[in-house]
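Two complexes come next, and they have one chain in common, chain A, joined by chain B in the first and chain C in the second.
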Partner chain A sequence: MTILPYLLAVWIFLVGLVGIVTSRNLIHLTVCVSICQSATYILLLAIGYKSHGTAPVFADIPTSRKVVDPVVQSLTLTDIVVAVAVSALLLALALKVFEAEGSLDPAEIAELKG
Partner chain B sequence: MTIVPIVVAAPLLTAALIALAGKWLPHVVADAAGLAVTGLSLALASVLLARTSARLITYWFGGWRPRAGSFPVGIGWAVDRLGAGFALLVTCLLFAALAYSWRTMTEEHYLFVALLIVFGAAMAGFVLSGDIFNMFVFFELMSVAAFVLTAYQAEEASPLQGAFNFAVSNTLGAFLVLTGIALLYGRTGRLNLAAIGQTLTNQGRHDGLVAAAFALITCGFLVKAALVPFHFWLADAHATAPAPVCVLFSGVMVEVGIFAVARIYWTVFDGVLGEFQSPIRDVLLGVGVVTAVLGAVMAGAQRHLKRLLAYSTIAHAGCFMIGVALLTPDALGGVAAYIVAHAFAKGALFLCGGVLLTRFGEVDELLLHGSGRALPVSAIAWFAGALALASPPFLGTFTGHALIDDTASTMGYWWVPVVLAFATIGSTAAIVRAGLRVYAGAGDPDDPLLADEPGEAPPPQERASLGLMQAIALVLALAGLGVGAWTGLATRAVEAAYTFTDRISYAAVVLDHRALPPPPPETWHTTAASVAWAVVTLVGSAAVGAASVYRNRFPEPLTRALGAALAPLHAVHSGNIGDYVAWLVLGTGIVGGLLAVSVHGVL
Partner chain C sequence: MTTRVRLAVFSSGLVLVAALLVDGVSNLPPFGRYAGPYGDIVARLVEPQRHMANAVTAVVFDYRGFDTMGEELILFAAASAVALLLREMRDHDTSDLVEGIRSDALRGVGALAAIVTFVLALQVVAHGFITPGGGFQGGVVLSAAFALVFLTNEYRAYNRLASSSFAEPVEALGAGGYVFLGLLALALGFGFLENFLPFGVTGRLRSGGSAAIVNWSSALAVSGGFALIFSEYLQENVAVRHGRVGK
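Up next, the complex of A and B:
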C-alpha cells in the first residue's frame, strides 16, 4: 500500500481551500467546496483499499475472495448524497444572490459586517 | 417495543408528509400537525429522560446487536441522561418556535414548518446516537435544514449572504469531522463510539494518526460550536434568520457542537489520550477564554438586536467550552444546567426581537429608541431573559456558573470565575443597554461605539398574533429564570455527567450488555464564593448596562480610544466568506496543531 492516495487527498483538500479563500464568484466557490469534498472520497476509498482486492459484490465471486472494504464505500456513497444536497443548496443561493444583487462576487454582496 | 427511534422517526416522517401534501392543505393543518408531532416527541423524550435515571438505553437498528467480543456490525444508539435531556430541551424549544410562528408566514408556510421539524429531529438524533458516522449524517441533516431556514426570506441580499457564509463554514467543518472519522475507522475498523474507544485503548498507541483524528474532529465540531476563530458565520446567520429559527440556533444548535466535543472526547479518546488530559485541558480552556472575551466585547458594540444576541451567544459558548475543558463530571454537569437556562432565556430574547421586527419592521436599537413602550409584555420578557443570563443568586444560569466556578477554583484555575464574570457582565450589559433604550426610551438615541448596520426587512406577516408571540417569549424567559432556582436540576446534571464521562461503563453497556453502575449521589453545596460572584455579575451587568445608554456623554478621548480599539475587531468580521475560511484554516492549524503537539508530549 502506497502513501500516494493520502497525499493526493491532502493536496486536493488544500487546492479546494485555496480556491474558496481567493474566490470572487459564488459558483466557482461552490465548485471549490465540492473539490474539498472529493478529497474525503479519496481518503475513505484509500483507507478501504486492499491490494488485489476486488469489488465487494459476492453475486458472482466466491466468498473466500479478497475484496476491498465495503463499509468505506457505503460511507463514500452517503458522503456523495450529502454533497449533492449541499451543492444544490449553495447553487440555489448563488442564483438568488444574482437575482437580488446582479453580482456573484462575495466581496460586493457583503452587507453584513462587524 | 422501544420508543427510542420514534423520538426522531415520527417527526421526520411527519415533516415529509407536510412537505408533500402541504400545498393542498390549509396552513392551520401544517401548523397543527407540526405541533402535534413535536408534542409527541416532547412526551417521548420526557419518558426517555425518566427511564435513563439509572441506566443507558441502547437501541440497535434492525436488531443488529453486537455479540460480546465480536465485531459490532449494526448501527446503535445509546441514550444516556445528558443525551435524553438534550433531546428534551431541543423538543421544548422546537415546540415554542412552532407555536410562535403559528400562522405568521404567508408564503409556503408549510415548508417552513417541515424544515423546522427536520432541523429539530436531526439534532435529537445527533445527541441520542452512539455511532460516529450516524452522528455525522445527523450533523449534515441538521446543517442543511439550518442553511435553508437561514435563507428563508430569500428576497433580500443579507439573508442569502448569511446563509452562504453559514453553509460554507459549516460544510468545511463537517469535512474536518469526516476526515477524522475516516482516520479513526482506518485505525480501528469500527464506527461505534464505544467500540472505537475500546479498540484505541487496547491498542494504546497515541501516535500522529490518533492525534490528528482528535484534532480534526474537535476542530470540526468547534465550527458548529462557534468558538473563536471558527465563530464568524454565527453572527451573520443569526442576524438574518427568522426569530423562531434563531431560538433553536442559539439555544441548542451551537450547544450541539459543545455536546459533540464532550461526547467524542469521553467515549473515544479519554482512554487512549487520558495521560495527556492536562495539555488538552489547557488548549481547550484557551479557546474558551478567547471566545468568551471576544463575544462579550463584540456584543457591546452592536446596534442590530439579533446580532447583539448572537455575540452574546458566542460569549456564552466560550463559557460552555471552559466548563467542558475542565474535563471533570462536576463542571460538565454545570455546563448542562447552564445550557438549559441559557437556551430558554436566549430564546425569549430572540422572540422579543422577532416581536419588534413584526410590530415595527425594525430591529435597530437606536431607531427603535422608546418604541418598545407599546409592548409591556415583551419588555418584561426581555428583562427577565437578561436577568436569567446575568447569573443572579439562585436564578437563571447561576447553578451552572457556580458548578464551573467551584470546580475550576478547586483545580487551581482561580481565574476562570473572573473570565466567566467578564463574559457574563459584558454580554448581559449589552442586552440591558438595548432593553433600556428600546423598552424604556432611556439614555440617548445616539451612541459613538455602535457598529453601522443595515436594517432588516420585516417578515411578511398577515395574521400574526402579537399577543401569542409575546406570551411565548414571557414563558420562555420565566422558564430560564426558574430552572436556576431548581438546584435539583444541577445535582441531577452532575450525576448524569458522571455516567456520561464513564467510558468503561459506557462501553460495557453498549458492547457487552452489562448494567450501568449507579453514579455517586450528589447534593447541592452553595459556596460563599459562588454567591459572591453571582452578586458581582448581577450588579455589574445592571450597572454597566445602565451606564452604556449614556455612552454619548462619555469624554470624547475615551470613546475615541474605545472606538479605535474596536475598529480592528469590526474589520475582521468582514462578512466575506473567503476571509472566514482563511480564519477557519488558521484556527484548525493552531488549535489542531496545539492539540496534536500536546498529545506528543512536547508541551
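Up next, the complex of A and C:
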C-alpha cells in the first residue's frame, strides 16, 4: 500500500490531538504535544523516501547512487532537538502552575478553564 | 466548559480536519516515489560543489544555514526561559548540598562512561560532513556526558562541571558564534552565512569550509543549552528533596 506511511503519521497526530483535548494533567499534555510533533517526523521522512534509495551520505558510495531526499532529513533532525527544548519549557511552565495553584489538572485551575 | 461540551466542539472541528487530511494525503506522491527536485539537486551537487560527503549536514549548516540559525535561536530562547522560570522559584542556594553516589564501582564505571561519551560526542561533531552526525547530534551526546556525571557520581561535581563554568558561557558562545559567522561572511563581501573558506578535500577532517565552524558553534549551543536545562531541573529536584523550597 503506497499511502500506509502517511496514514501512520495521520494516526499518530490524531492520537496526540485526542490526548491534548481530553488531558487532565499538564505533564500528560506536554507528552501529547510531543506525540503530535513526532507525526511530523514520519510525514517528512515518508515524503522524502525513494524506493531502493540509500542514506544521502557519499562517504563510501558513488555520487551516482540513488539516495533519499536530504532536505527533509535535515528538517527532521533540527525538529527533534528543538522539540525536546520546547518540552522542557512546557514542563517548567507546568511546575510554575503547580507552585501557584497546587494542581496540574486544567479543569481545577481557574485561569485555564475554557 | 464541561468535558462534554469540549468534546462536542472538538468533534465538530475534527470533521474539518478529517476533510483536510483526506484531501492532503490523497494528493501526496505515492510512497517511495519522491518527486523532487530540491533534494535531488542537493544530492547531486553536494560533492562536486561543496566537497562534503554528508548531504544532510551540508543542508543543515551550509545550503540552509540561515534556517538552522532560527532553530538554534529557538533552542537558546527555550533554554533561557527554562532557567528564568525555575530560578525565579528558588531563593535558596543548593550548591552546598551533598548528594553523592557511595558505590565506588558505580562511580568508576560512571566516570569512564562519561569520558567515553565525551570523546564519542567530539567524534560525531568533527566528522559531521563526512559520516552521519554533526553539531546537533554531537551536541546532544555531549550534554549526555554531563548528565552521566550527575547520575553516577555527585551532584556537586555536576554543578561545578556543567552549571556555572560550562552551560551558560558555552551556550552563549555557540548561539552568538553562529550569528557572528553569518555577519563575518557579510563583512568579507559574501552573503549572510555563505561558506567563505576553502572547501578542502572530500572525506577529510578539514573539509566543509566555514560551515565546519558553524557546525562546531552549533554543537556548543546545543550542548550548552541542554546542560543548562539539565542543571536547572536538577537544582530544582535537589532543592525539593532537601526541603529548600518556598519563599
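Here is the rule we use: the second predicted complex is superposed on the first by the 110 of 114 C-alpha atoms of A that agree within 3 Å, B and C clash if a C-alpha of one lies under 4 Å from a C-alpha of the other, contacts with A are read in each partner's own complex, and residues count from 1 in each chain.
In this text, contacts are C-beta pairs under 8 Å (C-beta built on N, C-alpha and C of every residue); 3 or more make two chains touch, one makes a residue touch a chain.
Just so it is clear, the structure is predicted and the values come from calculations on it, not from any experiment.
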Inset, instruction - Once the structures are superposed on A, label A:Thr63 by its partner contacts, choosing first (chain B), second (chain C), both or neither. - result: second
Inset, instruction - Please indicate which partner A:Ile3 is in contact with in the superposed arrangement: first for chain B, second for chain C, both, or neither. - result: second
Inset, instruction - Please work out whether A:Val71 is in contact with chain B alone, chain C alone, both, or neither, and reply first, second, both or neither. - result: both
Inset, instruction - Return first, second, both or neither, reflecting whether A:Glu101 touches chain B, chain C, both chains, or no partner chain. - result: first
Inset, instruction - Using the superposition on chain A described above, determine whether A:Thr22 touches chain B (first), chain C (second), both, or neither. - result: both
Inset, instruction - Using the touch definition from the top, say if A:Ile12 reaches chain B (first), chain C (second), both or neither. - result: neither
Inset, instruction - Mind working out whether A:Lys50 is in touch with chain B, chain C, both or neither, as first, second, both or neither? - result: second
Inset, instruction - Please work out whether A:Leu89 is in contact with chain B alone, chain C alone, both, or neither, and reply first, second, both or neither. - result: both
Legend entry - Footprint overlap on chain A, where chain B in one structure and chain C in the other make contact: 17, 21-22, 47, 71-72, 78, 82, 85-86, 89, 93, 96, 107, 113-114
Legend entry - chain A-touching residues of chain B, taken from the complex the two chains share: 133, 137, 140, 144, 147-148, 151, 154-158, 160-165, 167-168, 171-172, 174-175, 178-179, 182-183, 185-186, 191, 235-236, 239-240, 298, 301-302, 307, 451-454, 570, 573-579, 581-582, 585
Inset, instruction - Give every residue of chain A touching chain C within the complex, in rising order. - result: 2-7, 10, 17, 21-22, 46-51, 53, 55-59, 63, 67-74, 77-78, 81-82, 84-86, 88-89, 92-93, 95-96, 99, 107, 113-114
Inset, instruction - In the complex, go through chain A and note every residue touching chain B. - result: 13, 17, 20-23, 26, 29, 33, 36-37, 39-40, 43-44, 47, 71-72, 75, 78-79, 82, 85-86, 89-90, 93-94, 96-97, 100-101, 106-107, 109-114
Legend entry - Of all residues in chain C, those that touch chain A in their complex: 1, 3, 6-7, 10, 17, 21, 25-26, 28-34, 36, 38-40, 42-44, 46-48, 53-60, 64, 67-68, 71, 74-75, 78-79, 81-82, 85-86, 89, 130-132, 134, 136-137, 139-140, 202-203, 222, 225-226, 229, 232-233, 236
